[in-house]
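Chain IDs A, B, C and D follow the sequence of writing; residue 1 opens each chain.
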Amino acid sequence: MYAELFQYPVGREGYYGQFGGSFIPEILHETIRELTTAFDDAQADPAFWDAYIALMSSYSCRPTPLTHLENLSKDLGGAQIYVKREDLNHTGAHKVNNVMGQGLLVQRMGKQRVIAETGAGQHGVATATMAARMGFECTIYMGSVDVERQRPNVFWMEQLGARVVSVDDGTKTLKDAINATLRDWADSMHTTHYVMGTVCGPHPFPQMVTYFQSLIGREARSQMLEQTGKLPKRVYACVGGGSNASGIFAGFLDDAEVELVGVEAGGLGLDSGQHAARLARNVGSTGVAQGYKTRFLQNAEGQMRPTHSVSAGLDYVGVGPVLAYLHDIGRIRVEAATDAEVLASLQHVMRREGIIPALESAHAFVTALKEAPNLSPQDSILINQSGRGDKDIFTIAEALGDEPWRAFLRQKVGEWEPETAATDGILT
Amino acid sequence: MYAELFQYPVGREGYYGQFGGSFIPEILHETIRELTTAFDDAQADPAFWDAYIALMSSYSCRPTPLTHLENLSKDLGGAQIYVKREDLNHTGAHKVNNVMGQGLLVQRMGKQRVIAETGAGQHGVATATMAARMGFECTIYMGSVDVERQRPNVFWMEQLGARVVSVDDGTKTLKDAINATLRDWADSMHTTHYVMGTVCGPHPFPQMVTYFQSLIGREARSQMLEQTGKLPKRVYACVGGGSNASGIFAGFLDDAEVELVGVEAGGLGLDSGQHAARLARNVGSTGVAQGYKTRFLQNAEGQMRPTHSVSAGLDYVGVGPVLAYLHDIGRIRVEAATDAEVLASLQHVMRREGIIPALESAHAFVTALKEAPNLSPQDSILINQSGRGDKDIFTIAEALGDEPWRAFLRQKVGEWEPETAATDGILT
Amino acid sequence: MGARDSGDRRDTDMTPIEDYIRQRLQRKRLLLMTHAIVGYPSFEANMTMLEAMQHADVDLVELQLPFSEPIADGPVFVQANQYALEAGVAWDNYFAFMQRATMVFDFKILMMGYYNSILQMGHERFCACLAEHGGDGFIVADLPPEEADDLHQYAAAYQQAPIVMMTPVNSESRLRRIADKASGFVYCVARRGVTGRHTQVDEGLEAFIARCRSATSLPLALGFGLRTHQDLQQVKGLVDIGIIGTALLTAWEQGGVKRYGTLLQELTSAVT
Amino acid sequence: MGARDSGDRRDTDMTPIEDYIRQRLQRKRLLLMTHAIVGYPSFEANMTMLEAMQHADVDLVELQLPFSEPIADGPVFVQANQYALEAGVAWDNYFAFMQRATMVFDFKILMMGYYNSILQMGHERFCACLAEHGGDGFIVADLPPEEADDLHQYAAAYQQAPIVMMTPVNSESRLRRIADKASGFVYCVARRGVTGRHTQVDEGLEAFIARCRSATSLPLALGFGLRTHQDLQQVKGLVDIGIIGTALLTAWEQGGVKRYGTLLQELTSAVT
């Protein structure tokens, strides 16, 4: 099924059922074609995949491990819980898989500059990292709201040599950063590659990003077989744009007996209107935006709705067309986890297993831990830990109302105040 | 030479030349014996090492990769520079190697509680992680100055379920935390294991921690052979207590042609008195403290001197006795890198290679990059990147005087102020 | 070849708008198409703008339906889209405004916008609605020719011109493919990038227009970055229609109706 | 066995301090050893403390030489060590103070401290210095018997008693090994942990002391956590010397010389 997904019926290149396509200003047409050709070419060249694997194992730590959560499995008394450790990647999340792959493609195409959107900042950091390593010029677009709340990532992007552009349009978040990046690209595409951060956007991005991220699923499948002797009953992954989910699901798409479960950001609850679910409970509807057709969180007239999630990385209106299709045909199930459930799950997992999932990944844990008790201890389930949570310290400490953390920040700020105070004294 | 180091002449168990030994209150004698026996036992049991390797490869990402710094090698025109990526470990530094190994030993000994000292907080986080995973009670001692400046790590330790005790004695930093932990141990040793964080303290800690960390060197040696067909000319590692250095050097001790270079914290310069060098330029002198004999940074009457480094992890008065010995006999060379050199090197490496060494590790980069041009492009050198630098954001952003970062913290703090202000308004 | 193929179109294929353009071209060497974002800064202001256009004898007007994700627009229009949406512009008041305008003014009116609005409304309903409210066609910034067939069929049925875009980076074969889907006129994008930035009229531009001409026999409109009457002066003779968008909105923002009217007069003086 | 072996020691092996202890034990069932950290809170205060000790007929006094890494001490002593160092206590003024004290007071004085001070001074120089300034021995908190030989040889040469420690967790063979290095008296550590916390006198303690007695025929001192005259009352008959450390310093900190003197008087009343 995995391979077939990308064998398009005539005239339907880049389509997955009704989803996908390439809805872009005509000015980008040739660039997208060039990219498609370069990607098809690379994909047909076994040396390319080998180079990709070699890069990922010497620069990041692939294959990332598979960890058995012995304590939680025992506590819950249900399925054996396994975790794919994408958090151990260089830069701390699965994002780097895609980014390094696209970097190799940029080298093939001979371009000198890369641009990217970022929401939480993980993809921005990964792209800036790749650009530094491969010697490309780099510009990152980021909604101004995200720039404010994800300053640590902005700091690292800048240190890595990237220019970070704060986007003040729309909701000033991820979707607006995507629009801004598309605009830059429409201008710069002869020298510049757009490193799309997830399995969204116009064809060939959904296919290409899935291709690079499929490494997760390929590794995980053989690791499960090696460590447990059989396939997991279910595979859980959080779904923002959908790249980590697409990546791990890719390994199991052809195993009809493996249930694939995506978990979206339930925010304050699906009924609150304050969430970022699109597939769960079919809250989203078919639309076209940001270059592709999928299920968007939009109003009846096709205007995108504001989204909410405690995790910046899942706070997005669209979803990968491949996932929208797989959901339509019932191959994947999609649930939602609320902010409160996510924080509780995160704390639970930290204390019992010593691992710190990213807030995004913690969504997958919520549903997996909820459902594990319904399976037998002879069964196993697999969770994709897409990233590490230490990047989220500001959000988590805030959400938990950690007073010493606040005191720490106050004191830090206080260290610079004397000067200001002194100046004030003179001026007033 | 590696094996011989640990075959003590009669009556000299735990001694490396004049260094090492076990200078502890008599109350701890039996505990230390029990530990030594348990460790010797474990070491003699091939299944133990296998279990250790299995744990490290499924819970952390061992073997960690070896990365060729293609850009810097080319830029400098000298040796090919390779980096051992301990930063990709779970919890972000080499510390976890030692900690998980000791955790397995604790299981063998049947104890239920672990205690540890921590300076930068990395070892504390690693220990809290191990305790969560293995189900031990956990208390971490940390100098109150370090608690203040390393709040993020304190937050994670607490989230991982550890109790963090702020130590207000002495210089309120690492050495005082070690003393406090020894005191706890003198009281609790029948139920409790002290997870020493580096190759210091009484025998068998230097041997034991070297043993676990030798995994770094074993992996690195075979990776160098595999990737370059020969051994590196030189191996560079930063030296705080000395565990990462001991670990990577262990792999090459028997290769007389490989020069081993340790890099200590030069702080504001060796002549400033504001540093943490002990071996470099023989600034330290032989003494006994914290349970062992080594070269300490002390005054003529044996009182320990305050140390300074931009990197909390190198800010320590003692050094592993094995390293002190290897330095005495000329098997290793030890240099120092200043705070300013470290920051410059860090920025350089980030921009050119997309990797972010910890401030500690950046010390090794300073000396390696300085010396690389003197070797031929046919040669290679190896740097141990003991940890990742994103933990150091507060220090680095501060040191670079990053204004947006300050603005970000001010704004964060400002978000809680209104309440205070309102209250003030009513009260005043 | 392409040109000859397209040249084979019979007169009966002509949409009302092409007919209108060809007639106007009899007395003007360059027509003028201007643009407004409906609801920005207000419906009343839009009306004032359109009155100024009428007064300056503008030939065609794009009325942009605001969209939350305007990927082909530059900063000025992006902000305007957003403002209009926040002010409550929706289908009903958009089309009501269009109807009012088509009843009052002489120029032809085209809907401009993004595909999602049309998709949500439904292709047929959209075309019917346009026709019902006096529109003569539409320009969709993010609808590639591959995706256009169904919509274009309804467009034909409701006598709406589906305006397609040609760009300097398109290959010959791509231009022919676009031409195949074209009717009314073709929107030639003067340069890479989004709306808003200034465009230099140079040899590259002339070569591009020549390639468009050989791909289609339809009238050619040139847009993206034309700002001044000098710009129009330079493209007169090269294309049939000059399109002014951002420059006008900027004039409004900087100097209100006065500056807006003045700019329009200057532009008109260039084309007549 | 061990006891018998040690019992074989001839009287000529006796250090001056053992001799002194045995003589005092003729008229008192329990001797009292107290403790002060030199330079904390000041040399003058130390003098006042020692005067109070003299007044209370204390038998032995440990004068602690401050060290920056006092791993065997509890919070009260740790702070005191640090304070004294910051106030500038060093070898010269430490020994000057010792000399002054040994000249004025009747009790025997022992140096107490950590091995690094001795190592830096040099084993011989240290013993010579102690002797020269009137000391009678030393207690080193972090020097295991394995490491003690060289230092103990010099101690013997300079008639200094190198006091070793026995603890409840030591095995029989370890106790014998410690006994081998002992002279003067043996410091029995009442419990696990560091100085400062209260110790319950119970059966476990009695059994421990019995094990010490069978390992050595030297006088036994008991310390770590004895605080009150009740505590001393209870160990009277069990050991030869009761050691009071933290309780006294705490009394000073809480109530100055008055409370200090009162506590000393109480303690003395228990031992006589």
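As a working rule, a contact is a pair of C-beta atoms (placed from the backbone, for glycine too) under 8 Å apart; a residue touches a chain by one contact, two chains touch by 3 or more.
Source: prediction; values computed, not measured.
Trainee: Can you give the shortest number of steps from chain A to chain D, where adjacent chains in the path must touch?
Mentor: Minimum step count, chain A to chain D: 2.
Trainee: Which contact partners do chain B and chain D have in common?
Mentor: none
Trainee: Roughly how many whole angstrom separate the Cα centroids of chain B and chain C?
Mentor: 66
Trainee: Between chain A and chain B, what distance separates the C-alpha centroids? Give it in angstrom.
Mentor: So the centre of chain A lies 33 Å away from the centre of chain B.
Trainee: Could you state the distance in Å from the CA-based centre of chain A to that of chain C?
Mentor: Centre-to-centre distance between chain A and chain C: 38 Å.
Trainee: Express in whole angstrom the distance between the two chain centres, defined as the mean CA positions of chain C and chain D.
Mentor: 99
Trainee: Taking the touch definition from the header, please name the shape of the chain graph: line, ring, star, complete or other.
Mentor: line
Trainee: Who touches whom among the chains?
Mentor: All chain pairs meeting the touch criterion are A-B, A-C, B-D.
Trainee: Any idea which chain D residues touch chain B in the complex?
Mentor: Checking each residue of chain D against chain B gives 67-75, 78-79, 82, 85, 90-91, 114-117, 119-121, 141-144, 146-147, 164-167, 169-171, 174, 178, 189, 192-194.
Trainee: Okay, in this complex, where on chain A does chain B touch?
Mentor: That would be residues 57-61, 64-68, 71, 85, 88-90, 92, 128-133, 135, 148, 151-152, 154-156, 159-161, 227, 347, 350-356, 390-391, 393-394, 396-397, 402, 404-406, 408-413, 416 of chain A.
Trainee: Per the contact definition, I'd like the list of chain B residues that touch chain D in the complex.
Mentor: So the residues of chain B touching chain D come out as 11, 21-27, 29-31, 169-170, 175, 179, 182-183, 186-190, 286-291, 298, 300-304.
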